[in-house]
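One structure follows; several queries about it will come next.
Labels run A, B, C and D following the written order; every chain starts at residue 1.
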């Protein structure tokens, strides 16, 4: 942590900073520049304390963090890539993981059809929402536990693992009874009660990026789950909020490379929520794989026109099959497989 | 809802749109332009259905919503300003409501001192957090129920109502036993389980704007609480996330006028979280009142240097007293009082 | 254009809107909904007039544009893909165009080395800046006309076309004497004097997206050049400004698919300026090609450590060669070539 | 400048950084932390060199700037507030400066009416555009020099100074013959050719903030004008681009306090362009003055319904008079006057 003093700071002000550092168990080094004094606060945990502790002191102009606020998710903490295993599937290795299915579980029949389609086309995990956080109270909110039961049934029938969202810390145990991977939605990325509960499980957690959160905040949120002892975290980029209005969100494709550089965790991409329109999904999906993502989370519906939720961003079965072909070619070009 | 067809759309495609509208109980009007056909979908509830229902149909290029997605929070639904009463205080009337206090409840002594300071300076509600959603798992998380008890004690001692945050739907009843106003933090603005629980109460709810949410989404979130039967919603602007990096968030001062135009709900402003630095708080607080806000939510700490959370954005007692003087002058200039 | 009247708008207010439409040569259609009247303004040029003309009228609540504000750049205006030819190279066809070279022309020797490297690796156009718009007045501003002369020399020596930036409308003729493609930088995307001058040329124009401009505004800027009679416009995505701070800008990968859908113009991507760091460039470059971009604009420097400008985002010769290999594989997987 | 080395950086890598610092005339101090080495680069001009110079070196993970990139505009360079004089008016002192008038000069008659209105209501400078940068090539582009002549005529007739925009570096001399203050529009904030030309003048320059620029970049742009020897720079906040869509731009009210803290230059606010709708302008204008701005730039039109440009954001004469009354009251409450 670098503490910059104002020009002509008083010796007493500089001493205060140094004493504060000492009281927190940190060492320090003082740099007397031509214009101003700068004090480096040194120690292994400076990333986890607030910069405010020094910024509030008299004579301090600015405090800059050198260590990142996240720790367990960092590549400095663990150099080797984390590979998350779900049954026979692996996420984070050479093989790409495509998770696909409808936005919401609507009926047993719809789910069965969707599962058949995505499994045959090469998806290794089925997605489907039973709890749907909707921005309007007047919209369809999901089938809840009945939806989870349908997921469990098709899981057995088609022998395919399941990822589904959990929205309430008090539902964690219930959802964990049915699902293979528990998904944290973008709006809950900083729902710390929820993250703490998930940290107590052994189930893999799919942590979506918040729509207004930096990569640094995202990895710090992952630390909540990791700190609880659950090491099976999969990150999922799904677009951030910007001024651009021709897509629902702006997919931050750069985050894939940034995460591969700073973290050991696997990262997949959800092009469906980023785009908001089926016609843009294949382009984003191909880009994600080429950028180095470890997989995709894609909405596919047997009949998007009849979907109760997010039909516009769902691929039809034939569009999904065509996309899987393209993904396989790109993966092969990069020495990976689907 | 306005459905724009592509150039040379087939008659069958146009018919599909019209039939869909009919099946949902809407009427329609068809506008045959020189270049393309545009169909207006008419009916009182078009704001509450998804545009996707039409956008997914073949031949449709774009769907534009004319009605807003929120309803109960709109000024069209209720023309007269809502005034929320807390004891003898009123929020949304001529008199401004200043809510002040420490970010977090740290100890009985700290809270008592803070309450004395803010009450004497003219605040009408005490703020203080017992549950603190923190972005790092290694930070202080609040005193939880012990903090609520301290709040209840000083409430009685100083005869001042209390606002405090609730972060978990399952804590709503507990927090409601202690607090006068229940605050929903920015990160929970779209925590719909939480909003639904609050809709069942009679307690006023202070709904902070999400840091990546539009005013429209904010008012739609308010609809969740209102739809449950709780009409006592106070909105609170606290800054949005932008590219500007000299402040923690960018306070969207325009939202005050936009809300006064589109909604009947009272709106206050939290300059402390927006600015992130005490030196900027007075300027933002004065601006909020001049813009027409109904009050302020301000962090004040007896000794910011010792604060466990957010000390950097807390005003000292003397800064707060000076600010209250300025606020009173501006309020008077605009025909209001504090 | 859709004009929404307030609830209970007066007949006189509705008449005013209709008369205004008539006076501008538009026809109209009136939709009397249950709650409010909505008037559709019809005609071929409604995209080019300001919505304000109606929004200012009494009783009008909102005006929504249905037609896009751009026209000549739209796929509706010209369905077939535009292919821009530069010597034997084509931009916008099956073959991808990689333009590469140093950010700034620094010396004849540096330029010669850079050209040899990028040409041998498969680039078909040499990039190099002679006029450098720098955010600080104390930074190196480019070699200006001396730099253009060096570009012209290596162009002849290596038989490779040249793209270089023009920053001042009064330099257009001078730059056009040396360069094959004239580049408009992001900060000049809405420098309309400059765009108008470029519209008078026959040279291809590389129009970079402004860092705070929507795709719609970008295509409207392209209309400035096209309206002057110059049909050779190449678009270049280079990242937009967002809150994310781990990259210099956020590359909006979605814009590639959006442009392919809405416009006939070719679009390439500049991963170097978007990323701001060489380690992220290959990931973004691969993503761009997989998304469907028609080419790349990449910074390559013989010795990035000695670069006068933007060394951090420049690839070394060996990194560039490796990337070209990956690009060729991905292109082949998608049925294209480099 | 703080250079952070990677964990286990080689001694040779650390030496390279130190030697580079020496070669640029800087001194340094080395901090050996428990985890990593951090090197402080010290010297008066480290704000003006690029961080890339060090970031590109092997073993360097991150480089953080401590000194700001701007210098002449900083309060550290010049502590006392700059007051810009225009005739008998002063900008930056106790008295607030309200500049008002139509967006575009349309005719002698329109301009005369507008001038009479704004002068009588208390404006001290007349605004009016003769060169209009328009986002569509099909829109009205301004009366150009004929417009400047009209401005000069009403200036004489009403004895009021004039502010008008200059968009092309080659127009600077012409515009300077007519205008008292030369305005740089938001889209030209980083048009460095234009800024350099204005630096050669003695006329005050009104520098609008770019819609995607940070306050730091804005002050760095001001340095361009100041470095040329022209000390008469007035800053003007006019809203930044964000995701919020209920206003045309998001007025960054915080920038007023940030600038007052970091710079000696006067700052005014343009609520008209920020809001985009006349109904929101008074709220924003009042907020600006309460925040501590030194004045306002407001669009007023004798008959907004007939305005050729931006009628929707123009105040009517009576709205402007009412607003001036409110502004006077708020100014008085804060010990200032209009």
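Quick note on the criterion: contacts are C-beta pairs under 8 Å (C-beta built on N, C-alpha and C of every residue); 3 or more make two chains touch, one makes a residue touch a chain.
All of these numbers come straight from a predicted model, not from anything done at the bench.
Trainee: Would you mind naming the chains that touch chain A and likewise touch chain B?
Mentor: Where chain A and chain B share a partner, that partner set is C, D.
Trainee: If I rank A-D and C-D by number of C-beta contact pairs, which comes first?
Mentor: The comparison resolves to C-D.
Trainee: With chain centres set to the mean of the C-alpha atoms, which chain is at the far end from chain C?
Mentor: Checked the centroid distances; the maximum from chain C is B.
Trainee: Can you give the whole-Å distance between the Cα centres of chain A and chain D?
Mentor: Result: the chain centres lie 38 Å from each other.
Trainee: Where the centres are mean C-alpha positions, what is the separation of chain A from chain C, in Å?
Mentor: Averaging C-alpha atoms per chain gives centres 31 Å apart.
Trainee: Taking each chain's centre as its mean C-alpha position, how far apart are chain C and chain D in Å?
Mentor: That pair's centroid distance is 26 Å.
Trainee: Using the touch definition from the top, which residues of chain B touch two or more other chains?
Mentor: Counting only residues that touch two or more other chains, chain B contributes 212, 240-243, 245.
Trainee: Tell me, which parts of chain A touch chain D in their complex?
Mentor: 2, 4, 7, 29, 31, 33-35, 38, 40, 42-44, 62, 64, 66-67, 76, 241-243, 245
Trainee: Which bits of chain A are touching chain B when the two form their complex?
Mentor: Spelled out, the residues of chain A in touch with chain B are 45, 48, 50-53, 55-57, 69-71, 133-139, 141, 167-170, 187-188, 190-193, 195-196, 210-212, 217, 220-221, 223-224, 227, 240-241, 277, 304-305, 307, 309-313.
Trainee: Any idea which chain C residues touch chain A in the complex?
Mentor: Interface residues on the chain C side: 212, 214-216, 240, 242-247, 250-258, 260-262, 274-275, 279-280, 283-284, 286-292, 326, 329-330, 332-334.
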